[in-house]
Amino acid sequence: MADKSGSVMVLGAGIAGMQASLDLANSDYNVYLVDKTPTIGGMMARLDKTFPTNDCAM
Amino acid sequence: MELKSGSNLEKVLTAGHFAFTGELGPPRGADAAEVREKAEHLKGMVDAVNITDNQTAMVRMSSWAASLILLQEGLEPNFQMVCRDRNRLAMQADILGAYAHGIRNMLCLSGDHQQFGDHPQAMGVFDIDSMQLISMTKQMRDEGTFLSGAELHGVPKMFIGAAANPFAEPFEWRVHRLGKKIAAGVDFIQTQCIYNMERFREWVKRANDMGLTEKAYILAGVTPMKSVGMAKYMKAKVPGMDVPDEIIKRLQGAGKGKVADEGINIACDQIEEFKEMKGVAGVHLMAIEWEHKVPEIAERAKVLPRPQID
Amino acid sequence: MIVAKRKPFEEIKSMIKDYKKVLNVGCGTCVAVCLAGGEKEVDVLNAELDMARKLEESPIELGKITVERQCDREYLETLDSMVDDYDAILSMACGAGIQFLAERFAHKPVFPGVDTSFIGINQDVGWYEERCRSCNSCVLGMTGGICPVTMCAKGLYNGPCGGTNQGSCEIHKDQPCAWYMIYERLERQGRLDSIMDVVPAQDWRNQTPRTVIQPGYKKPEAA
Amino acid sequence: MISPKLVEVGRHTNINLITNSEIKSIEGDPGNFTVNLVNHPRYIDPVKCTGCGECARHCPVTAVNEYNLNLDDRRATYIQYAQAVPLAFAIDTDTCIGCGLCENMCIAKAINYDDEERESSVTVGSVILSSGSRGFDPSQLDFLGYGKHTNVVTSEEFERILSASGPYFGHLMRPLDREEPKKIAWLQCVGSRDTNRSGNGYCSSVCCMYAIKEAMIAKEHAHGDLDCVIFNMDMRSFGKDYEKYYNRARYKDGVRFEKGRIHTITEEPETGDLKVRYADETGMAQEETFSMVVLSVGLKIPDTSAELAERLGIELNKYNFVNTDPFAPVCTNRPGIYTCGVFQGPKDIPGSITEASAAACLAGGDLAEARGTDIEKVEVPDEKDVADQAPKIGVFVCNCGINIGGIVDVPDVQEYAATLPNVVFTDSNLFTCSQDTQDKIKEMIVEHNLNRVVVASCSPKTHEGMFMETLEACGLNKYLFEMANIRNQNSWIHSNDPELATRKAKDLVRMSVFRAAELKPLEEKLVHVNKRALVIGGGIAGMNAALGLGRQGFEVVLLEKDSEMGGFARKLHHTIEGKDVQAYLKQLIEEVNANEKVQVMTDARIVGFEGFKGNFATQVEVGPDAEKHKIEHGVIIVATGANEYKPKEFLYGEDDRVITQVALTDRLEEKGASDLSTVVMIQCVGSRNEENENCSRICCQSAVKNALHIKKLNPDAQVFVLYRDIRTYGLLEEYYTEARKQGVIFIRFDKDAPPTVEATSEGLVVTVKDHILQQNVAISTDLLTLSAGMAATDTDELSRIMKLNRSPEGFFIEAHVKLRPVDMPSEGIFLCGSAHGPKLISETVSQSQAAASRATTFLAKDAIKLSAITAKVDVDHCVKCLTCVRSCPFGVPIFNEDEKVIEINEAICHGCGVCTAVCPRQTIQLSFYEDDQITSKIDALLEAA
Amino acid sequence: MRLEYPGNVKIIRVPCTGKVDVMHLLRAIQKGADGVYCVGCLEGTCHYNEGNFRCRERVNHVRMLLEEVGLESDRVRMYNLSSGEGPTFAAYAKEMTEHIKGLGPNPLKNK
């Protein structure tokens, strides 16, 4: 038990990386979310709206 | 056989003649001459004339009053009474008064809803319904009592009529409705205008099968079409009306200026068939606002001369 | 349930135009359920009146209270200590409640805030339909549970009039013919015989206020 | 839509954001890796930076804005977008001239020019690679003229053009002259399905849908009639309900869809309009002019990801997507390292999210015994009882550096606040959100015995949670807090009018103080969580979900209605990749049976259900004797599967030679194909029609798979595939290419002119109109195979008992098509496999692992804290009019038959407040938004001025 | 986003426009506000399914009530936008303000 870490690293903070991090964090794991850019959000943060609801992506 | 009322219509029917009745709408005003003028066209052409009672819920000269004018003109009125405008007191009072003046035929109706007329705000009375009106009139005549059971002096011996609509849904029920009216005490029936002959034949056949045509006289309702527009209007807008497309097509095929004539042709064809139809005792011609055409129609329908029975 | 609807604002305003202090009394049962006269509608009406009177430079002081039922005297007791502070009373109850209120405070003018419409059912939120005219002689057993008095435009007891039109009433295409529905339902139940006989004329007696005493609840006669 | 997620990630105590960083190497073993990172300099300390933006406002250097795809400018000191997380600026040293202005302006002292590249390392048990993709760069395809003709833009650029936060503020304009375009063309498959020019043989899976969306939104934005044309080879709207969207665009919104291959794009010099030359379906050359052309660029893995994979020893396929097994779609070749999102393969947002949860399931599952060991537990002191105290309000006014203080006269506002009723303490701070100010607020709360706190600063959306924690930390109920947004709603808006801004700040503070006085302490109830899961359905989905939960250490009861497990997969033989489904199934069933956490009940039928998240109870009848069981559990995973549609079309059931794809697979296994000279396949049978508007997603690949199989068994056999659009998305495209190479003939038909079939004694004759030849072709065939779509399992009874919503087609409905693809609308209930919609085995596996992950987020907790913002009924006053019952969008208020009262279960109330606004007797109040709390603000604004 | 909009607009936060009560809107006008408007999510995208439709209905109701009272119904309006549309928010704030200026001050003010 002692030799297993309770942390996970997620590389890439787009929508997938964020979701993986949230699931893990909400399941009581510690998460390091690493991104190359200064801001998380990835590609989806650049979209205007998304189908099929045409909701604003941001 | 002892007659119930002794009216001309009753006599014609009991004698086994093919009855022919007409219709007259009283004026929207107090001018008696208007009634007399319309009556003039009908003289000698029909056995009795229905006098409508605030027809289409529009205020008109009262039905019994116009009936009196008709009597003065030597015609026999068929006094129509609807349940919409008066309660059982007024109705019984009018029956007594009408009879006192020599009115012998009565047609018992529910009446068009007030919403259609010129006073849609009016309260619809409907204290009793047409079925109950029939049985009330019969009770006055045959038992000599008011609806309440109290005895009356001077019994109004009316020949009691009612309307029937062979076309309304559900069709299966229509003959039973007729039976119910006969059970309530009706002597004769005038039907809704007939255009769908097939339906009507079926209805009469069922009435024959149930023995109803032996218990009351059925007068088939006929209204000649004046125009294609009228036919379309009746098909689309008039409740309870069944106008088959063939009728409209036949009128449309008549050519310019000949539509009305074709309308009369259709009516005459119908009357010819009714004359031969078992269970049909006559025709009720509703030439609405076309009273002056009645002589021509009667002529072409070969129902003249009208029998004279004393 | 009794269904009511708010009176036109102009009418209410003009009824109370001469009063400076008015108590608006809501009723917490039927009219609250039908969204016409509960706490919320009292508040809305008061806000409207307040604004309208201010605009007319004739400000009004409005009180509000909603009692459980205006047709029960115990609930009206709470008003005893209040009404004297006001010149007039507005009641958001049905006609019965308004009258009972007016009767209790006979020295005060009482005005109706709603029009009592009918006894009906709730089809959906805010949507009510009449089902009973409290005729006092129910024939629903004979008619398959469809009321010929309320549902037929002419209140006919012996089948439809000549205006019945492919299942619709002659007055409107969207209004089903009560007798058509009665026939359909009884046919399905195999009970058509129940409408084959002529129903005699109704007993419309008791046009004076009718009384019902539920059996088992009659008070012993005073000794 | 993504922004709440950004905030949640940014604020989560268990998530450490490491930005500007890359993985250098990973050492060690699963369960205990050391990850070495390279941290690139940001030059602005994200901890100190308050996001006030003064630095950027004073930066003299203009740089192109990559966020808006270079369509506009930003400063050298920048954040990407207003909602950025972390809300901290960075300096782009490529353009920075080092003038020092920003450093001078920064009151928080966050600027650090001397920042430099560092290395760091962390210890973790698992790693997830989700580095995503970027849009394909079309400049290498010179026939498209991208980079040469200004009005040719990529779809990514067009997204920014449409966006309200984009370079044109959401006005539809073309770049050249900023004129509104009249006609726009979208060109599909730019950098996808193209081995010749771009080298990318895969389908990017997302472009068809985003092109439709862009066309629809563009039409919405346009002021007149905008003509939108999408040039495509096949429209691939294969996702759940996507076909409906496509139909809406096509038939309702009037977007045109043209089959065609683009030859060249040339610019008309006078107008800047673009002439598109293309070959239509019949091969005829056509020409049409547009004001603007959008290139629907595909998804491409950046070289940096490939290099990373190389460093980490992760196998990639030839397109640099991670090599994965269809039965283990998120596992890389290196144990303990998982992947998800587009790095795994081209996919859309819901697909990425699903896979992310799947990766989380496995990554966490490896570390189940260490769960909770690396996280900080926040200790909260006991709450002071202030319910009966008169309000004592403290007001803290924030300068936000000079963001507020530079415009609003903060001392004046503070002074004013002190005059307001119930205010006993006021203060102003440079940055109220800074750690030292938090400590100061705590001190003041204690010192002045404050029982309400008002902070006048920025948006509650980002900062309310933090301040509430500060209240909690000194024993004050966190709902006794109120915020006045005097920055975003005031100083930023009215920077030109300081006087107005100061006046308005006073108004906003007054409104907040009045509301604060009305606030009540609220309790966030704890509901115990039963740590057992119920999985309904024992197919591939149900079994994977059960195993996923079992690995996480939770008990699972798995219900299967049949007498054995396996579901629809029992009828399948191989995947398109050639993997043996039956062997996999056998191994899966063994694994499930061997797992001591998983209890399997076969022949099980659900007969009763009650409860809510964390505490459900389900009654089941099990076995031939209908033995009754009551299962108590905390979560539910619905995995009831689907079946092949049973066709009514094309003589199916009347002629033995007409079979379905599933039957064809059996036939090929049993009898081979040596006796077949011709096989015709018809696509979209039972899909994309009036009865079932949706695409069944998998039938195109089934057809291609079987066609290839026939060709392998009997190369001389002729195979015809009659189709409407071939939808071999993602890497499946390769098999489609292979099938054509092997000589399989694909003939397209229109929905309105479907093929006809005639049975003759010699064979079946299938007639179809060939679009290329423009004439009818009659094909005599030995066998007609119908690509029957997927039909949902009959779940009428289940959905009634458990109150689960289904689409008209009978598939269960997820909570949100985009962001919550495996959650169901009721909390604690999850969905996976083809019960959600048609899908491949690999997709089913990842979706079921995702459902297990989502369920784990519930089961990991001993208790769930319920939101205190729920509706409450005053039952004494309630007339039970049922208005709330009928108005609640979630069916929460119910009439309790036993208690005879209207009841609102806090555990399932969403807190929207609809019921409170419809209640005729004002007997329902929404906590924290009670009527008095709202009207106090109205009154404060208008009355107490 | 720092988009200018008129200073007379003050925001009261609700979890969903479905929470906005007829009385809240009436009260604002009653107390002298020149105008009130509700800003809800775009129709069809309500997080709570239909709160914004309900709000629209209530706004219409209040407009009717104002007309009864003798005030301009157009002092109360409903706007819809999505959370990412800062510029649209500012545009609506301007539009509403301009519009209310056209109507003039609430006659109930200071009464």
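Letters A, B, C, D and E name the chains as they come in the text, with residue numbers starting at 1 for each one.
Simple rule for what comes next: contacts are C-beta pairs under 8 Å (C-beta built on N, C-alpha and C of every residue); 3 or more make two chains touch, one makes a residue touch a chain.
Predicted, not measured: the structure shown is a model, and the values here were computed from it.
Under the contact definition, subunit A and subunit B share no contacting chain.
Least step count on the touch graph, subunit A to subunit C: 2. Taking the CA centroid of subunit A as reference, the farthest chain centroid is that of B. Of all chains, the one whose mean C-alpha position sits at the greatest distance from that of subunit D is B. The centroid of the Cα atoms in subunit B and the matching centroid in subunit C are 41 Å apart. Here the spacing of subunit B and subunit E, counted between their Cα centres, is 63 Å. One simple way to say how far apart two chains are is to compare their mean CA positions; for subunit B and subunit D this gives 75 Å.
The geometric centre of subunit D is 32 Å away from that of subunit E, both derived from CA atoms.
Residue positions 40, 43 of subunit C are each in touch with at least two other chains.
In subunit A, the positions touching at least two other chains are 49, 53-58. Applying the touch definition to all chain combinations yields A-D, A-E, B-C, C-D, C-E, D-E. Contact residues on subunit D toward subunit C in their complex (touch as defined above): 877, 879, 881-883, 886-887, 918-922. Note for the complex: subunit A touches subunit E at residues 49, 53-58. Within the complex formed with subunit E, the subunit D residues making contact are 3, 82, 163-165, 169-170, 460, 485, 489-490, 492-497, 500-501, 503-504, 507-508, 511, 869, 887, 889-890, 910-914, 916-918, 926, 929, 931, 934-935, 937-939, 941-943. Interface residues of subunit E facing subunit D in the complex, by the touch rule stated above, are 1-5, 7, 10-16, 18-24, 27-28, 31-33, 47-51, 54, 58, 83-88, 90.
On the subunit C side of its complex with subunit D, the touching residues are 28-29, 32-35, 38-41, 43, 66, 122, 124-126.
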